[in-house]
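Some structures are shown below for you to check.
In what comes next, chain A is part of two complexes: it sits with chain B in the first one and with chain C in the second one.
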Partner chain A sequence: MSELIKVTINEQDFEVEKGARLIDVCREKGFNIPSFCYYSDLALQASCRMCLVRIEKMPKLQTSCTITCTDGMIVTTQSEEIEKAQRAMSEFLLANHPLDCPVCDRGGECELQEMIFDWGDVEERFTEKKNVEPEKFLSPIVANDPQRCIVCKRCTRVCDEWMGEDAIEAGNRGVNTVIGTYGGWLNCSQCGNCIEVCPTGTLLDGVYRHETRPWELDQTITTDVYGSDGMQLSIGSRGGLVHRIVARDRYVNGLNGEFLDVKARFAHEFVNHPDRIKTPLIRYKKGGKLIPATWDEAIHFVGQKLTESGKNVGVVASPRLTNEAIFTLKRFAKEVVGTDNYAVSDRYDLSVFFDNLSAPLATHKEIRKAKTLVLIGGEPEEEQTFTAKQMRQAVRNDGAKLIIVNHTPIRLSAQASQFIHINPNSYDAFVLALTDSANDDANAKKLGIETKDLADFRQTLSETEGDTVVMFGGDLSPQAQSVLANSADAFDGTNAKVLFHPLPLYNNSVGANDLMEGKKSLSEVLKNSKALLIGGSLQEADTNLLANKDFIVVQELFETETTKYADVVLPAASFAEVDGTFTNNTGFVQRVRQAIEPVNQSKADWMITTLIAREMGADFGYNFSATMVFKAIADSVSAYEGLRYPALKDESKPVQVKHAISAKKDLSKEFDVLKSNVEKLSDEANKLTATPRVGHKLHRLTTLTSKTAQFHLLAHGNPKPENLLVSPLVQFNLDGTPRTETADAAAVGVTDRINLKVEY
Partner chain B sequence: MEIKAIGCEPLQLKRMHIKDGHTLKVYQETGGYESLKKAMNMSQDDIINEVKASALRGRGGAGFPTGMKWSFVPRQSPKPKYVVCNADESEPGTFKDRYLLERDPHALIEGMLIAAFALGAAACYVYFRGEYRYLIDIMDKAIDEARAADIVGKNILGSDFSCEFFTHTGAGAYICGEETALLSSLEGYRGHPRMKPPFPAIEGLYACPTVVNNVETLTAVPQIIEMGGKAWQELGTEKSGGTKLWSVSGHVKKPGVYELPMGYKDLEKFIMEDCGGMLRDDKKLKAVIPGGSSVYIMNAEQIVGKGVTMDYEGLVVGGSMVGSGGFIVMDETVDVMESTKNLTEFYKHESCGWCTPCREGTDWLVKIFNRISEGGGRPEDAQLLLDICDNIEGKSFCPLGDAAAWPIQSAVKRFPEDFKKWLLNKTNGNGVVANI
Partner chain C sequence: MSILSDVFKSTKAVILGMKRTLSEIPREKWTVQYPDVPVTVQPRYRGQHLLHVDENGKEKCVACYLCAAACPSECIYIEAQDDPRPYEERVGRDERYAKVYNIDYGRCIFCGFCVEACPKDAITHGYNFEISVYNRADLLKTKDDLLITKQKQSKNYRVALSTEDVDSEYKEVDSVGIKFRL
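== the complex of A and B ==
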């Protein structure tokens, strides 16, 4: 607890923490202060001049957003003089503003509109002609109406500070200032955060453009279905259609604030896609066609066939599914089939991490506040976008030390205080070096680094005063992961708390690992079983193991590589259509909420599995309610003990499941593998020097990137939707000449809504 | 075009009329770099104390005491320190620095080196306005000459004091004369002003302690070291030490750059005698902007017979400010509504756009002036102009906003007739123009 000081606001005395920002203090104490440019945790701007207050002993009105409280400060926030100033600023902001709220997509949720209602003047004194600027698109998904801009530069700051992109900037000067690109389309990851934070209708969702008015949308707060960060977002739906996704904190107050990434924000077209499977499908004869059937028929058929296969049925769950769906699949295996042949179709196995976990998981807040961040392998900017943002801000805003160990100079390494650039495939050697400093010279050689680098690394760790967060993912060998997870002591600083942060690839990788205790590997299960119940498609590469099975049932949204092998396909509902939970990479269990009725005849995955179980004579006692499924989870999985949906209601207070902390283990077997792996490494290796571009492709918006290959539901590189518009991202050199290489083809899928014109 | 000192020995103008005064050779023959040698034998504190004693105030416009500014620099900080010369000279009516830069570049180098020595600075930057490109060549040559003579660079004059010199040009934006915007521009960013505090003395160029001074401020430094702070101060008044350059333009017979001792008496005599009087003998004096476009405009009643002294205090009493010393004289043929419109267009054009009141306010003001000048003036416009100015003044992010407001406020109040004739009903002259 820091020191308390006294400030007087509007003649009332308050004790506040030393160093608190005046605008925050005033608001906390109930004094309303208007603002546009102030945005906590972004660089100060002080340009809108809305937040003026009077401070005794200071000559002019002061911007409360820039003032740090000092002891004895006497502040006035309401007076004739201040009110005049505030009205004046709103009057200025409206001077050249088109006031076209009726056709503005932001109308109804526009901060300018709201502020003017509160602080504006009734009389309009500006009778001159307004400046005009034509509408344009900064990229296929960032629509831009420059006249509405109030130059608060929130957009440019989030792009720079959150995304590390700096793709959007102000051009021209004075009243002609416009927000724009450095030439051509926005050369960036298209996260849309600039749209999100824009308080006016200047930057708008180009995909949602002119679809509905915001107030006509139902807002459903739910959890991102792509990344493992568990970002909270709001689905805007109307009449059974998902229209847009935002993280606007007026609706959502999740761990991610207003931050989302391109997938979370824009890749929702799959929900109402015409290719969604409409009814249950049965392939009566191997090699035959999938033929529509009724649910009764299909369930009956499945029950019969699976019963016939007896104990030879294997069960596979996708890490994209809800905890409820995964848990029900496991129960099906255990209780209905009576088998241990169940697996998660994740790209890597998290159990090596969790079984050896020797320190608690870090929350995203703890990452933001950490003093030292150690990233071994991984590419969070692509896969765990919110984690990456927290890391970047910890470094930029609070001077945290970032140590990156990677075989390639990932973009974040530019921000690292130490970048240990190791040879490809030599992570095992780094893990050995970390746990044993006796062989630094030899290990450094294998790693292709100086011995001193290891010493520097250890020194930073030992000098850290505050939390150290250690992050790594499945690109390390399982043995390396086990050893790292068990080595919290190797990262101890002076008075540091060591925390771990895994880097899973899917929205519910952690939940799947928690709930599928005792699982086997996917290939084992696929090989051992004659029949399969598959919740969510496999990765394309794994599907060849599906050939020559007696019977395969797949719960899916779309026809995929996996459903080619299916004898029965049961239409599953997407995350927008179900209630449930996901567990994120910090161990938060967060709600998934139903925004629209299941599309076509689809049903929630857990419900489909439950129907099959019932057909086979088992009653899970769910009463067809997701709440009851979750209760069953809480009753049987110790980390989830005692949880209920009401406890997860408030997205601003997420609940962390407590993963067991394991004592120091004897990992000599793992060490042996590491050592033999390292021995095999040659000292002569070519380092990779190219910085992989992060998200600079315009992602295939209606589907997914190849990175998220195995969406349950929409498998890998889905060639399906035929309405993709390929628009080359034209980029320019500084001198204005177009670059020869056009960026990757972008699939926007919204031809009919945006008249995209690409000019060279 | 006159370039001369009146009422004092030419100090700033010492080399203006000496052939090849811009070369190292002539500079040294006329006493150049002796002050640097002297300063390098003084302690840093002594140098700063001499500058304090001189009562030298910043010649860029704000008039901040230079010695005090230097003393704010944390010399013990482990960060490098920088000295930056503000050669952006963009204030309308101001053209003194260009003569110093063109004809006496070594005086600037010497002044900056003394500052750098006093502050322990590792490098000096001279930031020129974009239009002063041709002056950069002169400066670069002078720096090369000085470097060849061991005056710039490593181990200056054989000592262990080293200091590098760099020149840099802006791209033609007035705002880049504002010291923090200048630093942004120098670092390669958009020329936006930065938040103060932290002041440049604490966190300036590349977030390191930095002193930014005007050309004329820095060229005064060698004189102060040479004659001693006290003696230099006594050329002027107690609070406004030394001499000052005035860029005189407008309706006088002898426009030019004049060096006057601070406290010169008086402003009327200066116009009527020293500057040769009104350009046309039959036209009366109407208005004077004494310190560059950003200060209050004075009317003839405030000047004639008023004995206004030409120094910081005297001009405030007289109703305006020293500013940058851009002295603009207007006779009765000038319509102050139109001249103010012209200035307002300048501020609109030069507003950087960062903050609401200046960005939108200057645009609105220009639109009103345009309407007025096209015959669409309304009686309530005077009040509206004043109110918009009041809404800008003191509320903008940097002083450019204030600078845009002051000329209008003073023009409307001090030249009511020039506005009334535009704002009153054209056909019958009716209507009440409020507040003026």
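== the complex of A and C ==
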């Protein structure tokens, strides 16, 4: 706690922390101060002048959003003089604002409406002609009605500070100021955060355009189903249809505030997609067609067939499923089949990370506050978007040091204080170099860097005064991950705390790893079993291992590569239709809440598995309530011990599971593998120099996105010009095939990270 | 109480009642031979709603849902539709219109709040009061029943002219002093 000072607000004395911002203090103490441009997470702007206050000994009214409290300050927030100024300001704002709230999609949750309700006048004195500009689309998902803008520049600030894109900027001056883009199109990562923070209806969700009005929607707080950051969001649904997804209110101060990415915000059209599997499907004979069946029939058929296969049944869970579903699948393997043949169909295995973890996991808040960030491999801007935002802000706003070790110059490296550009496939050498400074010269050679780079790296670490967060993921070999996770001491700074941050790829990769304790590798399970129960499709590359099995049951939303091999397909419910939990990359267990009734005849994954188990004579003790499944998890998995849904209720106070922290281990076997790997590396290697674009190659695998989520952009019937300038987006035709004309623009750079070869 | 006084009292009541009845017979008749004769409704009568169109036949409603929000009995159901086409090709006057607009007359209490709420003057109360149906489900009226261009109007009413003193019959009642009729 820092020093306390005395401030007098409206003749009341308060003790506040030194350095606190006046507007925050006033609001905290219950004095309402109107504002548009102030946004606590962003750089100061002071353009709206709604937040005026009178401070004694200062000549004019002051903008409280820019004032830092000083000792003995005497502030008045309400007086005739102030109100007059504020009313005048709001009148000016409306001078150019059209009166089209009835058609405006922001109407009902518009900050301008709210403010004018309190500070506006009934009469409008301006009779001059207003600026009128046609509405337009800045991209297929960002709609723009320029005349509604009040030039608060929140959008330009988030675009710059959160996303590092600078795709949207203010042009011209004075009354002619407009918010615009380069070339009239938004050539950016399409995160939609500008839409979220815009207080008016200037920037709007093009996907939800004119669909309904905010107060008609049921808002369900739930967790993102794409990224491992576990961003909290709110599903707006009406009558069984998901209409839109927005971030949580920024004043709630949940995990991610108003930040979401393109997938989380826009890629929800799969939920009510007409291609969803409608009924259970049975393929009565191999090579035949999938024929619709009733649930009773399908479950009976599955029970019979799986019983016939005895102990040769393997179970595979997708890291997209809820903890409840994954846990039930594991129980199915253990208790019904009695086998250890169960696996997670993730792109890389997180168990080496958690088995050797020698320091706690970093939370997103800790990343934001950290003084040194080390990123080894990975591309958070593509795969862990919120983590990337926290990193960028830690560097930009709080001067943290960012060290990036990567084989491609990823976009974040522009922000890095040190970018160690290593040769492709040489991460093993870097991990060796980290733990052993004796062979710097040899290692640097293999890495294709200067020896000095390693020394600089160590120096930064040792000089760090504050937390160090080390992030790495599947770009590293399992051995490298084990060694890194076990060597927290290698990153020790002066009085530092060292924290680790894994870079999992799916919303519940961490949960799947926690709950599938004792799992085998996917290929092993696929090879060892004659029959399979698969919750959520496998990645396309793995599906060839499914050929020639006796019997395969798949729980899925859509017909995919995997269901081609299935003998029975059971329609599963999406994340919007179930209750459950996901565990994110910081170890937070967060609630998934049911927003709509299951579409068609689908059922929650855990319920399907439970039905099959019951058919085979096993009773898991839960039939209808996810609460009971979670209780069972809490009772049997030590990291989740004692947790219950009510404890997870408040998303602003997330619960972190207790991942065991292991002591220093003897990893000589791993070191041997690393050493032999490094020896095999040649000293001459071509570095990859192209910066991969942040391109939303939505993960086209497992449950949700085999129907690639972004084809809704084209399906929506929005007016679009021929030369779609949103090149980073991978565009898809209505049938799901990629559009060739934009595909190459998307594949700039070399690495299609999705096809990175990862060993299981 | 003797039997006699009972008889006296009831006879008195019968006579008083019959006096009332008989005295009404020669008076002017207020009943209307509906439906042979149209009923006169007052200009501000709140009957079945009308959804209006502009001078070019474009629907005025922009599906802003304000009427639905104002409705105390929650009987209005709207589904909005984006319509980015130019004005000439649109269904409605603005870039959004109501694809579905239903009013459930099983629940409507004809309070007029929806009309009050509408920012576009798109909905008003018409005079149609003949909305009884044989099947309760038919009380749900859709856009086809509500649009001014489509609503079938009954011939069984006439709207009082604004100059007409439609209230006078009640005043007359007042002046005769028969208060209990009110």
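We take it that the second predicted complex is superposed on the first by the 688 of 760 C-alpha atoms of A that agree within 3 Å, B and C clash if a C-alpha of one lies under 4 Å from a C-alpha of the other, contacts with A are read in each partner's own complex, and residues count from 1 in each chain.
By our rule, contacts are C-beta pairs under 8 Å (C-beta built on N, C-alpha and C of every residue); 3 or more make two chains touch, one makes a residue touch a chain.
Predicted, not measured: the structure shown is a model, and the values here were computed from it.
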Which of chain B and chain C A:103 touches, first, second, both or neither: second
Chain B versus chain C as contact partner of A:675, first or second or both or neither: neither
Most chain A residues touched (candidates chain B, chain C): B
Chain B versus chain C as contact partner of A:6, first or second or both or neither: neither
First (chain B), second (chain C), both or neither touched by A:564: neither
Which of chain B and chain C A:215 touches, first, second, both or neither: second
Chain B versus chain C as contact partner of A:305, first or second or both or neither: neither
Chain B and chain C footprints on chain A, overlapping residues: none
Chain B residues touching chain A - in the complex, by the definition given at the top: 173, 175, 190, 195, 348-357, 359-364, 367-368, 371, 384, 391, 394-397
Footprint of chain A on chain C - complex, ascending: 62-66, 68-69, 79-84, 94-96, 119-120
Complex contacts: residues of chain A adjacent to chain B: 44, 46-50, 52, 60-61, 66, 84-85, 88-89, 91-93, 95-96, 125-126, 128-129, 131, 150-151, 169-170, 172-177
Chain A to chain C touching residues, read off their complex: 100-103, 107, 135, 209-213, 215-216, 718-719
